[in-house]
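Should a chain be cited, it is by its letter among A, B, C and D, assigned in written order, with residues numbered from 1 in that chain.
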Amino acid sequence: MKYKEIVTVISQEQIATGIYSMWIQTKDIAKDAVPGQFISIYCKEGSRILPRPISICEVDKEADTLRIVYRVVGKGTDEFSKFSVGETTQVVGPLGNGYTLENRTALLIAGGVGIPPMLETAKALNFMGVKVFTVCGYRNNELFLKEDLEKYSTVIIATDDGSVGTKGTVIDAIKESGVEADVIYSCGPTPMLRAVKQYAIENDIICQISLEEKMACGIGACLACVCKSKEVDDHSQVHTKRICADGPVFYAQEVEL
Amino acid sequence: MNLGVNIAGVQFENPVMEASGTFGSGVEFSEFVDLNKLGAVVTKGVANVPWPGNPTPRIAETYGGMLNAIGLQNPGVEVFCKRDIPFLKKFNTKIIVNVCGKTVEDYLEVVERLSDEPIDMMEINISCPNVKEGGIAFGQDPKCVEAITKAVKAKAKQPVIMKLSPNVADITVMAKAAEAGGTDALSLINTITGMKIDIHKQTFAIANKTGGMSGPAVKPVAVRMVYQVANAVSVPIIGMGGIMNGDDAMEFILAGATAVSVGTANFMNPTATMDVLSGIENYMRMHNVEDINQLIGIVK
Amino acid sequence: MNLGVNIAGVQFENPVMEASGTFGSGVEFSEFVDLNKLGAVVTKGVANVPWPGNPTPRIAETYGGMLNAIGLQNPGVEVFCKRDIPFLKKFNTKIIVNVCGKTVEDYLEVVERLSDEPIDMMEINISCPNVKEGGIAFGQDPKCVEAITKAVKAKAKQPVIMKLSPNVADITVMAKAAEAGGTDALSLINTITGMKIDIHKQTFAIANKTGGMSGPAVKPVAVRMVYQVANAVSVPIIGMGGIMNGDDAMEFILAGATAVSVGTANFMNPTATMDVLSGIENYMRMHNVEDINQLIGIVK
Amino acid sequence: MKYKEIVTVISQEQIATGIYSMWIQTKDIAKDAVPGQFISIYCKEGSRILPRPISICEVDKEADTLRIVYRVVGKGTDEFSKFSVGETTQVVGPLGNGYTLENRTALLIAGGVGIPPMLETAKALNFMGVKVFTVCGYRNNELFLKEDLEKYSTVIIATDDGSVGTKGTVIDAIKESGVEADVIYSCGPTPMLRAVKQYAIENDIICQISLEEKMACGIGACLACVCKSKEVDDHSQVHTKRICADGPVFYAQEVEL
């Protein structure tokens, strides 16, 4: 079930350069959310008419609150970063399918603002009793969410500048650490996802990746956010899938990157 | 209070529809909107065969609006008839099927396939700026507009709405051509061709280079065209372009639209159609008007 | 860093001008902006005789933009030459005089009167949607565009810029006609015809019924047209329509404009022109570009 | 001299139904302001691009603060009414000419939101030692600014509903009170100004009226805000004057209403 709600900001904190963590009070959205889903957040400034899709980073089902962690990259996220506690805004969610959690050793691979959805994923897998490794790619030594992730998983770090962990990509870090697992859950920039897909194929590991595209409706109606699918898709009868409705999580072999 | 309007013999419970392409076939929005409360559901454009649409990015936000170049991705009329029409028949609303094509034959194939389906009207999109071969080429030449309207009317068993492009010097010329071709109604406006450049990547924000502009930013152009057309032809008009609320809808109705469609606003607020409806009701209450038909086109 | 651009032999210190009609002849804005820092001052349209303009209300705000139907009120070319040109000559900037008329003869009278004045260029407005007899009628017919361009070029001693209307189906047709007529440069876009209805008073928000839409809302249409024209003709283009800041200006330059004009944004912020200029400089610094000319039209 | 400034809200108060009083901190605007001038206030919401002209109601030159009193009639004034203390926004001013204050008995006549500019006018005239009468037309018994005006003038009230003072127009109140003066300073809706002009002609009193029109630039450049003038105007060479630059205050006989 999806809801349109006016949510209230309950905390807002800068956790790294340009990266913010916000908890919001929802009515039902948090209750229904599963790891890997996202919400559409709307700007209050009227010149910006489209919602911004942001992953659900953490949920507190009892309090019906949820957390998002986002990078300021443009005017919309800049607006969000200035929301103060008590302020309200429109949100639609939870949206998308989320990860299919399997009862087998999990390897979470994420880069940049692909890291936030990994937190709720790690939490849920850990709760299921699954052994979780999380490989995070950061730009530098600003390791946002690392401590949160360590509560539920063994965290392995790669940094672009080599200031912490492996200098290089998440794949470099995986190789260096020799970590092994049965299922990959991944989120991050497309070049990273391509490498992850390649790694999964080479090592014959089940691999779920979360994709990104510009969105308008966020609920599968407008066909803005498609990706190329290998098979003719049921809904479209052509080789495309809607990231917002059929995804954002796909099995790596289903989609072309 | 009477909100019912009649277009070409089809009686609508109220004048609020959604605009083709922004609402799918209604399934997705039915989680937010009771489709029974809409005057009509206007479907995404349907072609004779499945169309893959354009490469991504397909949309871009602009100041107070957006560009889209979806490229009319659709599953083809066969799947549409089997899957979407039965879904829509479950609701107490009218069904308007939007039809697209690359050649006149394409359009006619869809029109024929739909002719025995339980749909209420067909809206012929001769104004899509985002596909190379079809659509807008027809909509910018009055002779083509008249010819395709005639051809469609000859085959169609349901009343026909021709959907006009705003990318013309004089919209009344196209409206008169469609009227001469025998159309039962007109809908306007489709999107205005625009472009956005990603200055940092130094490329187009949309893979198709240009896209169709829609949303609140375009409303003044749409109201002007509805007004001009309402004063140039006698067929009823479905007005659209940037409608977000009841006040916006009233501008179109006062300018001469018999019904209104809500497009981009659905992305700004999934219950926008319902806000438009209740806004119209509020306006009528405030101005003590019993029948919406008394307001159509009264600003001259 | 080189910001200088050359249009038809006239060398501008930088590519930032303001758009005709939004800045008077610069006197009023000189309290906020150092006119020496502008590439050029483009004056309000000047006719052969004083024009009274349209009744009020002459403007209305729209979503992300505005409508205007000033109706080219102006004091006539005589007063203009005696009062406004001497004022502008005090500054180290180029002077572009915008010319309007109701008949070809009207335009030519102004062009002749200006020919020995110390101005740098003339911008011929054949695209004003707000006066009945003149302006836009010329701008929507390629034959008229070519003819008036030829006639003006035959009389003008300064280089000529033809200003095009966006209210056409294909802007490249008009651009080519002006080029065929011998124009030295093009400027686009003028305003897009729109309408706003005051739903509570049940009348038009603007006395003239329709007005010209401008401001950030129209930018995607303007960028698209500049891109299309840049790829269709070889004369330089002054781009305008919704430019508020350096990023907006860069969209036009990357699309093919040699210079840019800032119009409605002056109303949103009286120092908008200076923000545009410093924004362009920032962009060049960020992208390590030494010469603005290296960026013109590079997005293809 | 006109200034573009980012001003700070220092107080905001609702003083009658839909009527707000706001004090703002300026850098130079207040210092230069004279009675009858106005400021252009800009919305922060980007879908509204034009400034809203609002009269200067009161100035504190030492503190460089100024007061505006405004009615919420649309989206812009609604936005202003929600500005909280400490918030900033763009303002341009002081704009327009203001009243020409004469050293003779003054009759201030105002209706509705034409009342605010009378306060600074009454204050300045009173400071000059002039005897001031202020006739205010209100809708009902919500007599905003009455007490402020009483500090500097004798206040006479007309109300539409007759709840206070004369039931009827400001002219009715003038007649009923028998007040007499040498110079009229007026501001209010056009029908009222027409009646005031008529009254001034009949009684041969000098009369200054403040006009209203939709504005874009607010500084005389765009020719949006013209009124019909009796004489061919110097600037325009036609029978119009710019309310923002040549006005908003005109001698009643100069303009057609």
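What we mean here is this: contacts are C-beta pairs under 8 Å (C-beta built on N, C-alpha and C of every residue); 3 or more make two chains touch, one makes a residue touch a chain.
Computed from a predicted model, the values in this text were never measured in an experiment.
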Contacts common to subunit B and subunit D (chain labels): A, C
Relative to subunit A, chain with the most remote C-alpha centre: D
Selected pair, greater C-beta contact count between C-D and A-C: C-D
Euclidean distance of C-alpha centroids - subunit A vs subunit C, Å: 47
Whole-Å separation of chain centres (CA-atom averages), subunit B against subunit C: 34
Centroid spacing, where centroids are CA-atom means, of subunit A and subunit D in whole angstrom: 55
Between subunit C and subunit D, centroid-to-centroid distance (C-alpha), Å: 35
Per-residue multi-chain contacts in subunit D, two or more chains: 46-48
In subunit B, residues with contacts to at least two other chains: 63-65, 216
Chain contact graph, described as a line, ring, star, complete graph or other shape: complete
For the subunit D and subunit C complex, residues of the former touching the latter: 1-2, 4, 42, 46-51, 90, 92, 213-227, 235-240, 245
For the subunit A and subunit C complex, residues of the former touching the latter: 46-47
Contact footprint of subunit D on subunit B as seen in their complex: 63-64, 216
Complex contacts: residues of subunit B adjacent to subunit A: 21-24, 27-29, 31-32, 44, 50-53, 56-61, 63-66, 68, 70, 73-76, 79, 215-216, 264, 266-271
Sites on subunit B touched by subunit C in the complex: 62-65, 67, 140, 167-170, 192-197, 199-200, 202-204, 209-211, 213, 216-221, 223-224, 227, 242, 247, 250-251, 254-255, 283, 287, 298-299
